[in-house]
Amino acid sequence: MAAKPVDMPPMTYRFLGRSGLQVSSISLGSWLTYGGYIDKERTYACVKAAYDCGVNFFDCAEEYSGGESEIAMGEAIKKYGWKRNDLVISTKIYWGGAFGDNPVNNNGLSRKHIIEGVNASLKRLDLEYVDLVFAHAPDRHTPIEETVRAFNHIINSGKALYWGTSEWDADEIAQAWRYADKLGLIGPVMEQPAYNMLTREKVEQEFAKLYRESGLGLTIFSPLQSGILSGKYKDGIPEGSRYAQKNIEFIKGFWSETNKDTWNGIIDQVNRLQPIADRLGLKMPTFALAWVLKNPNVSSAITGASSVEQVYENCRAVAAVDKLTPEIMAEVDEILKNKPPELTMRW
Amino acid sequence: MAAKPVDMPPMTYRFLGRSGLQVSSISLGSWLTYGGYIDKERTYACVKAAYDCGVNFFDCAEEYSGGESEIAMGEAIKKYGWKRNDLVISTKIYWGGAFGDNPVNNNGLSRKHIIEGVNASLKRLDLEYVDLVFAHAPDRHTPIEETVRAFNHIINSGKALYWGTSEWDADEIAQAWRYADKLGLIGPVMEQPAYNMLTREKVEQEFAKLYRESGLGLTIFSPLQSGILSGKYKDGIPEGSRYAQKNIEFIKGFWSETNKDTWNGIIDQVNRLQPIADRLGLKMPTFALAWVLKNPNVSSAITGASSVEQVYENCRAVAAVDKLTPEIMAEVDEILKNKPPELTMRW
Amino acid sequence: MAAKPVDMPPMTYRFLGRSGLQVSSISLGSWLTYGGYIDKERTYACVKAAYDCGVNFFDCAEEYSGGESEIAMGEAIKKYGWKRNDLVISTKIYWGGAFGDNPVNNNGLSRKHIIEGVNASLKRLDLEYVDLVFAHAPDRHTPIEETVRAFNHIINSGKALYWGTSEWDADEIAQAWRYADKLGLIGPVMEQPAYNMLTREKVEQEFAKLYRESGLGLTIFSPLQSGILSGKYKDGIPEGSRYAQKNIEFIKGFWSETNKDTWNGIIDQVNRLQPIADRLGLKMPTFALAWVLKNPNVSSAITGASSVEQVYENCRAVAAVDKLTPEIMAEVDEILKNKPPELTMRW
Amino acid sequence: MAAKPVDMPPMTYRFLGRSGLQVSSISLGSWLTYGGYIDKERTYACVKAAYDCGVNFFDCAEEYSGGESEIAMGEAIKKYGWKRNDLVISTKIYWGGAFGDNPVNNNGLSRKHIIEGVNASLKRLDLEYVDLVFAHAPDRHTPIEETVRAFNHIINSGKALYWGTSEWDADEIAQAWRYADKLGLIGPVMEQPAYNMLTREKVEQEFAKLYRESGLGLTIFSPLQSGILSGKYKDGIPEGSRYAQKNIEFIKGFWSETNKDTWNGIIDQVNRLQPIADRLGLKMPTFALAWVLKNPNVSSAITGASSVEQVYENCRAVAAVDKLTPEIMAEVDEILKNKPPELTMRW
């Protein structure tokens, strides 16, 4: 395993929204990778490289690789004898279909699946508790009150320390807080949305009032938009890349004829961002990650990595944030033309 | 054991009232059968046949066969290695007289009996928790607040996921919600009443406002009115049938001279329903079960079965629901003349 | 051990105030007797005789005989293999001075002593929970809110089912309910005062409003006023009787010169009650016990017994209650002249 | 080990604010001593000497000597077979940096550190619960609501009996009570500030309204101002004394040139107090301790001791309190000139 570069900048930590918990600005996610197409030895090496760079937040979910991801992450954590108190481990509950013979009651945010799902995740992770438990998606069949109560039951029984949401709408998060407040329970402290240069509306516009009203923290995923912002697709789809994995459902849409212009437009924008990165002396992925961290509402950017080198590269982003001056940010906005309008404060 | 017919329709699932839990439209109850007059081998076979047809809800009670029913059901569940998360298991607490030398405090809905009763049921079922726990009857000696608190204690200690009532009056359910709301506790999510073509008032009239106000779900029992709607009594009382079991207290009333006209009137109605079933190509029990499922407030119809064939027959009802057009429903109402009046919505 | 008399009347049971728990009208207490001056064999025999007569409530306290009483009671319960659900066991927490080298924090109703005291009592009784836990006295140093919270903690942790008070003033009980209501907690369901023909004010006057407002139940002690109402002192103080035990602090007061007239007045009243008992065909203790049970606010009369025969005698009182007609009650009042005035209902 | 002097006055006990818990007026702290520069044999001897003098409160913290202090205290308690109910043991949570490889999340009052910190403290102490758990400092990054909920979680899970604060500002304590009241939770019952003749403002002025409004109790530390009030520095800094330990951060400030006049002024004041102590027949440390106990809002004065003799000396202070007449108190105020102004009661 490649040694940690001597010039690696120190990790920075941010409070998870209005909570007292601190997460590393760059964190390590396990979607599609660990327990999936990355073998265990490489998984252990990536997790260790991240830990060595100061990453303390490792993001898991019951759904990733049908549970194998949690097993691999749990083993990595155990392997190096790290102290539990030095780590922030998450899981996400919603898609537990793989754990039953019948999809009924193994998906969603019913009290039954939340309790059964968390218990099964903790068993796979071989942990007594996770720090964070997320509702992995909104469940519009289950009353939000039932979900709020169930996550509080998990916290009261010592199996999680904080709970939050993933890919919920702003009004759903506000409703969760409504029930929490009414019942004197703990509300969702964090949300996990996709966020990157190309996907900005939810984080910059829709959630704008939640930061102040509910102290919402963000652990964002897809900071490189599935690798598009790494620049690796500028000349087509390289073999082994995410967009070459045609068995993943949502990727297929990109290859339809109707999407061709959209794709080409995006690649064109990314190609025009490259000179800015070059000027700042940053690789494209580092530039894109630093751009995400520039947003003070982002507590942590969850990165995927299939090699130790990629982990190191990602962690360098923390030192690049300051290079993104207001002028640079304006240049980026000019190219992307997707900056949401300012929030109207008074009428 | 007879193999599952190749033309068995797929099971359908419904949310249990305004909760996130889904139960199979047809479920399997154990009253008087498993642990009672059905031996264990046949019990296991029936439970397996139901599971194979997609039944996920198995209904138990501390009282059934003096506890033997829960033991038999628990063994069946264990025997086939099914996953706990694929099952919805219930118990009901009220009549625990068989478990003491003194009936005092072993019956009813005191905090003492609810806690002791649930613990004993879980031991018989050999489970860590039931999904549903019912108050098997109203207890008008115990304050409803005490009962609401006790069931919440059961849920908080992880021994049940949801609680509900059985054969309670509408105003008692509303009172339970009143205490739950006042104290920030969990209210009763479901009620288990008798419901079938011949017994309609409670479900269609008395509970009408609870569906909207409290999101009440129904797991109904006696969908065939103790077999009367199966048509098996059209020419008298066959040996081995429920109404031939003269040691069951409530059945005796049927044989009194004063009840003769009532009985004959009912049999006459059932005989007049037969041609409708014939026309739809349905057996009478399937027709009667489908009629129950036509009511959208019914989450599940609990069926008894003493043979694998009967289980299969019951499960076919889910495919018959759509055959019950408004015209067919009107024909049935015309014969039964027991449709409760519409609820007055505005004065 | 003397066999249970064939003509023993069936035990009666009463709800403990506005709760769903039923206690036998006659119950067995252990103060000064079991674990104290009564040896274990006799203790077991008395407890068994009571159980055989239908007594289900056995009253203990951490303080009785420095803990030995709970050990003896616990052993008796275990010895006969009775079912836990058939029994109502209590303990009382306040005087735990015997369990420490330092009286500080081993007495009173602080959160510390309530939690430590209940844990120690359960260990001595060898039980997982008591049905009833009493605050054995008011503690005017500890805020009532702290005590209410601590007993609710005991109930929430499954170590007791109901809590109540002993020898508290009416306004203290009302304050406890005030905190319970404010915090959504469980209030004190029962109080244990002294009550008998000679001591009436607290039960008949001071608590009068609590029965309706808070549904207070009573488990009364001293129904024979330390034996005075048994008539055994009519010709002086027999050896071996309670009032001959001069090492008990509160008894000493009776022998002071200043108390002589009071004592003689009481004995004179008791002697005048004897003819009424004779006329009804009742022994004096049975008469006095039946008189206590005549009060519908009394849930149970706790009796002491040092012999099996005494247990049987006490249990006979349940059949004598109906003999106490309004005319008899008026005759008693005429002799005692201590009936509290009626409660003024409207001004 | 020196035997307990025959003329040792009996310990006095005080209620911890508006709680039902009693603590010895003089208590034993472990900061910098036990597990630190005092070896285990001497630690055991000091703890035993304190216990023998009636000290029941032993004050610990996760931070003291990097956890070694709790291990030593826990061993001492075990060694002598004392009863848990006779002891009041505390810990304090905030500085757990020594227990991680990464300071992030090991310091402060987040839910994560409070839960992980208390669990680790209990393991070191080898106890199931502490009586008191303190927030060792205010954490202005963590919302006070999160901290209030986390300490209540600790109390509900049976790991502590009461919680409080240390070195918080008055308004922070009031905010904690605001959240506790709003949520029906338990508020902080005690605060641990520094208090002595030379440091009076916080206890006598800033907290003045909290005693009445919130019933705040005080377990004060530094009653001798790190030994200055013992008089030992009157002729300079003796070797082995606290102010000779130059590796302790806050002590360094005293040796700066700018602090010279302040230091000399203080030593001068202490030298002028000596004659008063002499007149009362008290040693200076006893005099200073008694002065602290004269304040009725002080529940306990936490003393450090590195020898058995020092323990005995400290415990003598309880008998000296009455010697501090109003005239003596006025004389002290005249020398110190630091008495905070009276609280304005009405405008």
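First chain written, first letter: the chains are A, B, C and D, and each begins at residue 1.
As a working rule, a contact is a pair of C-beta atoms (placed from the backbone, for glycine too) under 8 Å apart; a residue touches a chain by one contact, two chains touch by 3 or more.
None of the values given here were measured: they were computed from a predicted structure.
J.: Please identify which chain has its centre, taken as the mean of its CA atoms, farthest from the centre of chain D.
T.: B
J.: Counting shared numbers against all numbers at the contact of chain A and chain B, is it over half, same, or under half, different?
T.: The interface is built from different residue numbers on each side, given that under half of them are used by both copies.
J.: Chain B to chain D: how many Å between their CA centres?
T.: 63
J.: Between chain A and chain D, what's the gap in Å when you average each chain's C-alpha atoms?
T.: That gives a centre separation of 45 Å.
J.: Give the residues of chain A touching no fewer than two other chains, as numbers and ranges.
T.: 156, 184
J.: What are the touching chain pairs in this one?
T.: Taking the chains two at a time, the touching pairs are A-B, A-D, B-C, C-D.
J.: Can you tell me which positions in chain A touch chain B when the two form their complex?
T.: Residues 96, 99-102, 104-106, 108-113, 115-116, 120, 139, 141-143, 146-147, 149, 153, 156-157, 182-184.
J.: Over in the complex, which chain C residues touch chain B? Could you list them?
T.: Checking each residue of chain C against chain B gives 13, 15, 18-22, 24, 54, 56, 82-86, 88, 131, 156, 158, 161-162, 184, 186, 215.
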